[in-house]
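Take a look at the structure below.
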Amino acid sequence: MVSGVGMAVDLGGVKMRNPINTASGTFGFGWQLEGFYDVSTLGAITAKGTSAEPWPGNPAPRLCEVSSGIMNTIGLANPGVAGVIEKSGAYLAELERRGCRVIMQAVGHTIEEYRSAVRLIEELAPFVSGIELNISCPNIARGGKLVGGTPEDAAEVVRAVRPLVSRPLLVKMAPVRVPEIARACEGAGADALSLINTINAMSIDVRTRRSRLSKPTGGLSGPAIHPIAVRMVWEAAQAVSIPINGIGGISSGADAAEMILAGATAVTVGTQNLPDPTAAPRILGELEAWASEQGVSGINELVGAFEC
Amino acid sequence: MVSGVGMAVDLGGVKMRNPINTASGTFGFGWQLEGFYDVSTLGAITAKGTSAEPWPGNPAPRLCEVSSGIMNTIGLANPGVAGVIEKSGAYLAELERRGCRVIMQAVGHTIEEYRSAVRLIEELAPFVSGIELNISCPNIARGGKLVGGTPEDAAEVVRAVRPLVSRPLLVKMAPVRVPEIARACEGAGADALSLINTINAMSIDVRTRRSRLSKPTGGLSGPAIHPIAVRMVWEAAQAVSIPINGIGGISSGADAAEMILAGATAVTVGTQNLPDPTAAPRILGELEAWASEQGVSGINELVGAFEC
Amino acid sequence: MSPRAPAGPRGTVGLHEFIVMANEEVARDAYRLEISSSVSQGLEAGQFINVAVPGDASHILRIPLSFSRTDPANACVELFYAIVGEGTRRLSAMRAGAVSTAVGPCGKGWRLPDEPAARCLLVAGGIGLPPIFAAAEMLARAGVRFDAIVGAQTEAKLVFPLIHDLERLVADDCRVVVATDDGSSGSKGFTTTVMERLVSEHAYGCVYTCGPEIMMRGIAAIAARGRIACQASLERMMGCGFGACGGCNVPLISGGYASCCMDGPVFDAKAVAW
Amino acid sequence: MSPRAPAGPRGTVGLHEFIVMANEEVARDAYRLEISSSVSQGLEAGQFINVAVPGDASHILRIPLSFSRTDPANACVELFYAIVGEGTRRLSAMRAGAVSTAVGPCGKGWRLPDEPAARCLLVAGGIGLPPIFAAAEMLARAGVRFDAIVGAQTEAKLVFPLIHDLERLVADDCRVVVATDDGSSGSKGFTTTVMERLVSEHAYGCVYTCGPEIMMRGIAAIAARGRIACQASLERMMGCGFGACGGCNVPLISGGYASCCMDGPVFDAKAVAW
């Protein structure tokens, strides 16, 4: 690249040409963005959370706007692993060949569902570079509490899928009890941690007294959560020695740089993709310019280079 | 009032003429705002967190701006209970006489410091209507962890001060593990819960690689945190039967109304006071107009009236 | 073949700069916006574009807008919008010469009726008129005859410039019926009432409708009872407008959901679980 | 007596509407802003106002600005500001006729020198010039003589309109020395170098300074060495500007902190722990 800064990073075995990844659920399965730019220029993409069987997701309205953010209650709507691979498998395999790492994300409501999803991904999508376990799903067996809401529960699900995964295993954490849960996931065999997922939040239409979403609460994302996400990435980076995939409100190269300084090896663009579909390559360019200004020869030198 | 809606509320024994309170640390000791409007028209004010002995607080910079919010690391700078009473005691006593409830806030680094602060407030400020315990301070004995960061720790400090407090005791919670800690505080004798305090966050100047504050992290407040705060108030209201004082990113009557629908008895304006010093009375007016549109005879009827 | 970017018959969704050519109030809280942009090239009747309104970084989403007319030769698109909130209010403050971007062409638009010989019925409610106008032009171009019903709450909200142009598009034996809830212009009452009368007079081949969802549900029900085909252009909060977020779900009779921005906004009304 | 609202000698801090009368670039990235507002009534030299820039709800804080001149009779205030970030960039886009609000008068301003007979020295760096101009007017009005040093990085950043007016305020035997870091105008080098020369030529009664903190530290050190009184106008990020938030702390030699918005922005330089 022009700047001469080496941008390649290794996210727990996922070898990315640059640190830019896209967030699960905000980037479809990649091909939706090909009309805007060459998606293969990114380091990686993370596919929408996928379950063993199709999930319909929640009724409308699934989105609302709040100050510097959006809230969603998509409910992990997805056509199941087989459905995803049928429609998008060929594109995703081709994207891997084009040099962009593909990370599939597994979701479930029970440990058994996670295991099934992971098994199917291993079987039907052998081309992917990594599997991300989204442990922010509601746990049916525990009355809808987060699957990974406590260190113990998080460790349990990671341990249960680890033997089934033959490639790098990322764990996508909920934004709760970060250092403890990060350590628990590392101990249970995660190769990298992705954080943060959306923050549970609530928005009420005060005229009707009802939620502005079809559920009482939804997940907050976008610039509003960025300073919280940076803090959590910093906490996680301090707590574990596996690499961190920094996510949360990244809308500029400076936002991405903050994540890297706080300890993220890769940085993941989410909500910003929606209103700003060329955000990811723009942020990549801005990030590279910053690294060059910082006078480093490789972006890796800046990981965790925050000076307290 | 013109609308005919009864606006008086009882916040765990603090009898407020209306639900509008102002947040500790964003309203000085009240008199700073008298140039803008008659502060006694508010339901209550909460004074800046006050320790037994003076605390200098943190070096500059103590503030920075982020998307739809600010971050602070004031570090609870205050002149100690005696210093506060010397300078502002007469004003606060007079404000009580003018019909506005005064809540003093006690802070400490150890349980003993909390007890000293509360004792001094009881002694030197007998006129106040309530004492709020801010349990989001760093606990020196536990390496700077939050005094009230776990249910056990929160219960311990509340239990320790409860016998010393002869008036309504509010507990101001950190935005972590809300339902558990709310229940713990109720069990330990709190008369009302105030939430949320700022959310720990981080903002890095990527040119210098340093924090934009004098500490690595600071507290995020303002509109960015409002949807998170509403969710937490809702969770707390579900978990306990004592009244809730809803705080977090309130900048309009609609924001205040969301808090009330989610279960708050009183609503507290914080960051918005800073750029918008007439925010509190404006929000009171907007809230009353909303209550009137909702056709209730008392604002109390709307507390928790969110329809799932 | 594996899917690439979402593509309409004429073009792939992309990001296009635009420049505001005109932006003026044409009815109470309703504006006519004319933009110059390359997005004009690919737009099919019933598709939409997703418009960024610069200035306030606390509002991050774009505003999806249908269009009434395009003039690809002159790179022009005409849109009409109602002020309903912050975003549309700020849009109304954009002056001629202001620049921004639009994502588009988005979604799937109107389809020609299966039986081109039969007369069609167009039903617009409120600010649903622009895409109905685009349908009218499409039908007129294809030589399909149609009546149209244009409803609004009150006369002040009727977008007369567009209604007059619509009147010019209808065949001699066809007509445009205006209805207002309060009777201040045209016949008093809802568009559904007018439709009940018209379907009793004519055998329509297809109904095209856009307006408040509650109105479209009524229109779809009347069409279903009369076994008339019905296409409806739906609205949803949209995160992206190009199939990336799953935010714009429309419930289907067959179970599950379709995507408003990819499978719609125009749906076969009988497939929708209203 | 118990404290009420923070009050300067002439007025209590309050919220005032203003209307932009003029807002034009006068040097590279530096603007002259003239507003019409009742806040003009109470302003003392060295105080500041806290200005809201409407439009972008994602930026919530006001912008504190010192002023150069007020004309209470005509309700006018003149300010100068540099574009350094988003807020000042958006401020520069406000056109004549635009309205907003200002909190003020804020803080404590310049004090007259203890010995009015002695000559004073004014030292401005960059956009620190406006309050130094206000100090100059205050001194001139009191019949105090003064020299002035005006520094900037480069000629393009010198606010010449204000420098010319400043030249008119100095007594016949006094002068205004311009210094630029790159020597493109006036003498080459820092204001501190010029000050070293001037203090060796004259016995000053008091130094008034405003500019980058690092410059003021140097100025204060030279003044201290020469046992000259020194007042410095400090800047801090400000949450409120009226003593409510504790955000604007200035470390004191005596330990602890003062409040920039209440005890300052003008401080006795030797009380500050630079």
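Per-chain residue numbering starts at 1, and chain names A, B, C and D are given in the order in which the chains are listed.
Here, a residue touches a chain if its C-beta (ideal position, glycine included) is under 8 Å from a C-beta of that chain, and two chains touch if they have at least 3 such contacts.
Predicted model, so just to flag it, every value in this text is computed and none were measured.
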| item | value |
| --- | --- |
| If a chain touches chain B and chain D alike, it appears here | A, C |
| Pair joined by the larger number of C-beta contacts - A-C, B-C | A-C |
| Whole-Å gap between the CA centroids of chain A and chain B | 34 |
| Centre-of-Cα separation between chain D and chain A, whole angstrom | 48 |
| Shared interface positions of chain B, touching two or more other chains | 67-69, 223 |
| Per-residue multi-chain contacts in chain C, two or more chains | 57-59 |
| Graph class of chain-chain contacts, one of line, ring, star, complete, other | complete |
| Footprint of chain C on chain D - complex, ascending | 55-59 |
| Of chain D, residues touching chain A in the complex | 57-58 |
| Interfacial residue positions of chain A with respect to chain C in the complex | 25-28, 31-36, 48, 54, 56-57, 59-65, 67-70, 72, 74, 77, 87-91, 94, 222-223, 271-275, 277-278 |
| Residues of chain A defined as touching chain B within the complex | 66-69, 71, 176-177, 199-204, 206-211, 216-217, 220, 223-228, 230-231, 234, 249, 254, 257-258, 261-262, 290, 293-294, 305-308 |
| Complex interface listing, chain C residues touching chain A | 1-7, 12-15, 52, 57-62, 103, 236-240, 242-251, 255-257 |
